[in-house]
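If you scroll down you'll find the structure; I have some questions about it.
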Amino acid sequence: ADAVKLQLKWVTQAQFAGYYVAQDKGFYGEEDLDVTILPGGPDIAPTQVIAGGGADVMIDWMPSALAAREKGLPLVNIAQPYKSSGMMLTCWKDAGIEKPMDLVNRTLGVWFFGNEFPFMSWMSHLGISTDGKSETGVEVLKQGFNVDPLLQRQADCISTMTYNEYWQVIDAGVSPDELITFKYEDQGVATLEDGLYVLEENLADPAFTDKMVRFVRASMKGWKYAEENPDEAAMIVLDNDASGAQTEKHQKRMMGEVAKLTAGSNGALDPADYERTVQTLLNGGSDPVITKTPEGAWTHAITDKALN
Amino acid sequence: MRSLLAVLTVVAAIVVLWYAACAPMNIKGVLTELERGGAQVVPEGAPARRDMSAFGLVAGNSFAIPATWAQERPRLPAPHQVVTELWNTTVMKKITSKRSLVYHGWVTLSATLLGFAIGTGLGILLAVGIVHSRVMDMSVMPWAIVSQTIPIIALAPMIIVVLYSVGVQGILPKAIISAYLSFFPVVVGMVKGLRSPDAMQLDLLKTYNANTNQGFWKLRLPASMPYLFASLKIGIAASLVGAIVGELPTGAVAGLGARLLAGSYYGQTVQIWSALFGAAILAGLLVGLLGLIERATLKRMGMS
Amino acid sequence: MNNETMNQTAAARDAAQPVVEARGLDLTFQTNDGPVQALKDVNLTIDKGDFVSFIGPSGCGKTTFLRVMAALEQPTGGTITVNGMTPDEARRNRAYGYVFQAAGLYPWRTIAKNIRLPLEIMGYSRARQEERVKDVLQLVDLEGFGEKYPWQLSGGMQQRASIARALAFDADILLMDEPFGALDEIVRDHLNEQLLQLWARTNKTIGFVTHSIPEAVYLSTRIVVMSPRPGRITDVIESPLPKERPLEIRDTPEFIEIAHRVREGLRAGHSYDD
Amino acid sequence: MTLVVLAFVLWAFGIWVNMRLASGPAARTRAGKLAVPVIFGVTILVMWELLVRGLGVSMVILPAPTLIAARFATSLPTLWADFAQTFVKGALSGYVMGCGAAVLTAVLIDRSDFLRRGLLPVGNFVAALPIVGTAPILVMWFGFDWQSKAAVVVVMVFFPMLVNTVAGLTQTSAMQRDLMRTYAAGYWQSFFKLRLPAAMPFIFNGLKISSTLALIGAIVAEFFGSPTLGMGFRISTSVGQLSLDMVWAEIVVAALAGTAFYGAVAMIEKAVTFWHPSQRS
Amino acid sequence: MNNETMNQTAAARDAAQPVVEARGLDLTFQTNDGPVQALKDVNLTIDKGDFVSFIGPSGCGKTTFLRVMAALEQPTGGTITVNGMTPDEARRNRAYGYVFQAAGLYPWRTIAKNIRLPLEIMGYSRARQEERVKDVLQLVDLEGFGEKYPWQLSGGMQQRASIARALAFDADILLMDEPFGALDEIVRDHLNEQLLQLWARTNKTIGFVTHSIPEAVYLSTRIVVMSPRPGRITDVIESPLPKERPLEIRDTPEFIEIAHRVREGLRAGHSYDD
């Protein structure tokens, strides 16, 4: 069997259910693949891992991948299982926030570590500065891994994913009507999340391409299986969590939300979505994520073979 | 015996203070929860309470104090909550379970011990070199100090990536980070120890024309023993911290570091605290073990 | 004994050649508040088999001179040879047994093990080690204390152990820095006699620092009187006493005469008016 | 390949020069004492440059020293702002508070054998709490700005300092204490005239250890939440953006600041404990 | 001076009452290899103005007895009073000046500052401090060394500095543990004379450990001979010598007679056959 190492963007959770399902159900085995799934975490930059040869293929958000490409690491998107973005800003309603422009003069929690790009683009889209509280600006905090800044009211809003952090806020006893959320998707600044990326130079190798074709095919099979059997998928994820920190309730709910995001995709990247992402990033104001339109940052070569 | 009594008294005092501290620390969250549950609290509305003094809130809502010791996600968990969690995750779970602290402790411990062995070995070698060679003394020592001013947690992911790319994985990368943190105290302590013989003790050997080797085994090494053990105790605690730090960029799949992170990630304060205490207890056991070895060794050397 | 035959041939050669020969020796310590001249223009010849005592006010450089002989200190001027070589070469030939001003026992070794230390280093066999340790422990009257650790002994007992350590192996030259300072008169007399016997038996060359004039006179073939600031030799007194010296010799007129001379020499180095 | 060979040739040369320097008379001069470690460091830097170039190591894994230097030079304002936030506000204030509190506590518990027996094991226990666990808690308690970083530093330095000070206060010989007894000296008299001076070598040991801990603590704490400023913030953000040159520029700042800090403490130590054998040789 | 008037009223009272009174004193050290009996059934009375020397083989408990008097060691049996109080009360009244067997200077203070230490503690004025330091430095012949640090002095010089430190303030009782061990005969004679003068002038009570029989006889009004294992008093010799003692007194028959008695007592404590 051919060995494939997959680097995840975050810890083992239903966000990556498709791959765990493919592994568990033997879809990879059927394709004669021996896949190792490497969990990520707050301290892991998947781009760095792949650059160092620690993985063959990785999952990343497109802004981060395109930024790396401009930094000289030629990453190519070979598949896009996530159709839409799950990122949003979650705020206390009682702080008096109703619309995006109400954000000015407030404290917002944002993820950094390469995940700040969508937020920055959105703010520049709105013409809000991020240099501190003012009538035209917001104060940005580097948010840690959890939702405490919101619960402790150290921030008025924090970044959340529809499938994860939002529910942690709810689980903490907050009722949904105490909150107001701004989905990036709704604000027209959504960027593509959780695509599969490989190094460009490897694609020249037919053996590697073939391996990726089989990998994407099996992975998409896993994703579709997961969408249809969300509870079983969540349990598979749970079995694979070595930290013993995840709970069944949370993972099942996450799987349900994730299924909504993957639903629209057969795995092939929609060039329109790609263009929208690039446009959003190019408009990133004074300090844009990417300065010029990337060339060759995606390919259908793999999905074309895999899905037909 | 006296010591035990003293420790117990101090611990008891800390526990009392701790319970007392829980009330102001947790009061805001508790009041918000109670308010959601329909209780009458003063003043009403979380935003109104946001900038109020916690002590004022405790005074105004004294009925809520018991609730500050039983929150699910407290800012400061009460001692019994931490103890219960510790008990549940150690004694009550099979040690092979992923939810068992014993299992995670073992994962961390193995990396700690390997890292400690590497770090101590390296530290002693460096110290021996520094004491015996002027070049090493003059060139290595300043850079050993510089090495400790580099934030290893920032470098850890890169070290792991680089090691990964040359095929080193598993427990070893963690152990290397652990070794990086533990070698320094050993170097410093051992250099001090190996240099602790006074001029007369050295002169004596000189009159015997003892060679470097004999000087090392018969004078410098025995003289350094108290220093060695002191630095080993610091070193093993550093090793443990190193192993925990090293767990984060390896995917944090298992180990006390992974528990800490997962707890932090899901805001499970009680879980963080129990993992923290687990780590400190482990360190305490390791240091205690070294203390026993120290006592036995020094006793055999007639130095206790 | 291998060592002894060696000593005898050496003795034949040394009859002509002095063991220690110092010419114009200077030693200045550099301290943070200026240089301290510990030795100035020291000239001294010690012959094979001599017993030389050094006496002088505290701080006059006695210890320093002993250390220079043993290559523990580098002179800053002048020349010194030991057995015709540099002190350092002599040191490497294991020519010295040294008793320091303070006992300096290794605290992690028992008394017996402390005495065995030089024997281990010089590669004595196990059996020889045992034997020597037993002998010298007896010599300094510390039988039964071999298994104690240094801090379990009083100051004087520690000092005796350190003397035993220096006597345990057969060094050509014995350098002793106030070895009997912490001992009472009786033990001191006893050890003085033992030392004289040892010296007569083995024909060792001995350099001996003391503050006691009778002790210096009783033991020495030659007494070197030193004077401080800067440390220098003010007088070298040859003793006409025979090699065979019962304790009663201390009451003879010759003895009292030499003691008187030493006292006068010593007094000259002090500033008291009496 | 030639670059790699050159690297090793250079390494051998550097070692040779140092051997000559260290065994020669220059080793005793100030310049010599400085030159040896500098040559050692420069050799390592040049080797690094040559190896990275020679082996074609990707810039996103390990940038060459020249690239780092270039980035350092062009980012001075950012680096300075980060330094002020992390070192001056976070590390230094935490260091002063932590060490000060530890010394005061040591003096307090030193009066009571009971407290000493009781507190030291507890102190050792707290000192073993890993920073990755305490930092998130303290960020939750003290907010995102420098106060929480200072708190992390306080927690990190307090116990090494306490243990060293308490140990130092017992570092008097029996005879030195007996002397004070014969004078019937009061507690504070023997404290200021005997125990404090005798404790100084240990106190400085603690201060030196703490000086390296303080900066690391402040940087690491920023990983767990911070304003958009600070050395730890910059490092973690830059890693995510693969700006490894920036990461290393911050590491250079950390190393410079940490070493200077350590050196300053060591210099004060030399002046205060000039009498101790370890400072006299 | 406050201190001196106090001394005088005390002297009046003490004419009847002894300064130190030990009855059946026992002291056993618990060591890991069994108990060591350092003092056994020690009975001794020291009167106001006495100069008492302790002499005995090393390890016989001289240091230990001095320490018990100064409340530095707790006896395990028997009673001891000092000035009618417990030693500890006397200590708190600052009754003692103590010279230890080793110099024990504080390394972070210069010699002058070391001597000033007790004066600072006892609240002497600045001017008085200066004056006393100058006086005692001169007394022990260390003028010009006040600004040096202890490690810059030779062993004997350090010992003199520590004597100066004990003499700097006016203690009622002076306890000296082999203070002159590391000094040569001339300095020793000089300091002996100085000490006698000081004693005659101030009517201090002095306890003095020495290994030198002539020194003990020359200085003391009473000589206590001790013997080891277990440490006990074997003889107490009253000296008929007058209080006024020129150095030449050492050649008188009385002197030689007492010295002989001490030597005999001392010898009894040893196991040598000679």
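A, B, C, D and E are the chain letters, set down in written order, and residue numbers restart from 1 in every chain.
Please note the rule applied: a residue touches a chain if its C-beta (ideal position, glycine included) is under 8 Å from a C-beta of that chain, and two chains touch if they have at least 3 such contacts.
Quantities reported herein were computed from a predicted structural model and do not represent experimental measurements.
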item	value
Intersection of the contact lists for subunit C and subunit E	none
Chain occupying the middle, per Cα centroid	D
Dominant interface by contact count, named by its two chains	B-D
Intercentroid distance (Cα basis), subunit D paired with subunit B, Å	17
Chain centre separation (subunit A, subunit E; CA means) in Å	86
Whole-Å gap between the CA centroids of subunit D and subunit E	50
Distance between chain centroids, defined by C-alpha means - subunit B, subunit C (Å)	55
Multi-partner residues of subunit A (each touching 2 or more other chains)	42-43, 45, 48, 51-52, 144-146, 148, 152
Residues within subunit D bordering two or more other chains	61, 136, 140, 223-224, 236, 239
Residues of subunit E engaged with two or more neighbouring chains	none
Pairs of chains found to touch, sorted by chain label	A-B, A-D, B-C, B-D, C-E, D-E
Of all residues in subunit C, those that touch subunit B in their complex	67, 70-72, 91-94, 96-98, 100, 102, 104, 106-110, 117-118, 120-122, 149
In the complex with subunit A, residue positions of subunit D that touch it	58-61, 136, 139-140, 143-144, 222-228, 233, 236-237, 239-243
Sites on subunit B touched by subunit D in the complex	2-3, 6-11, 14, 25, 75-76, 133-135, 137-143, 145-146, 148-155, 157-158, 161-162, 165, 185, 192, 195, 198, 237, 240-241, 244-245, 248, 256-257, 260-261, 264, 269, 272-273, 275-276, 279-281, 283-284, 287
Contact set on subunit D toward subunit E in their complex	173, 175-176, 178-186, 189, 193-194, 197-198, 200, 273, 275-276, 280
Complex interface listing, subunit A residues touching subunit D	42-43, 45, 47-48, 51-52, 64, 67-68, 71-73, 112-116, 130, 139-146, 148-149, 152, 154
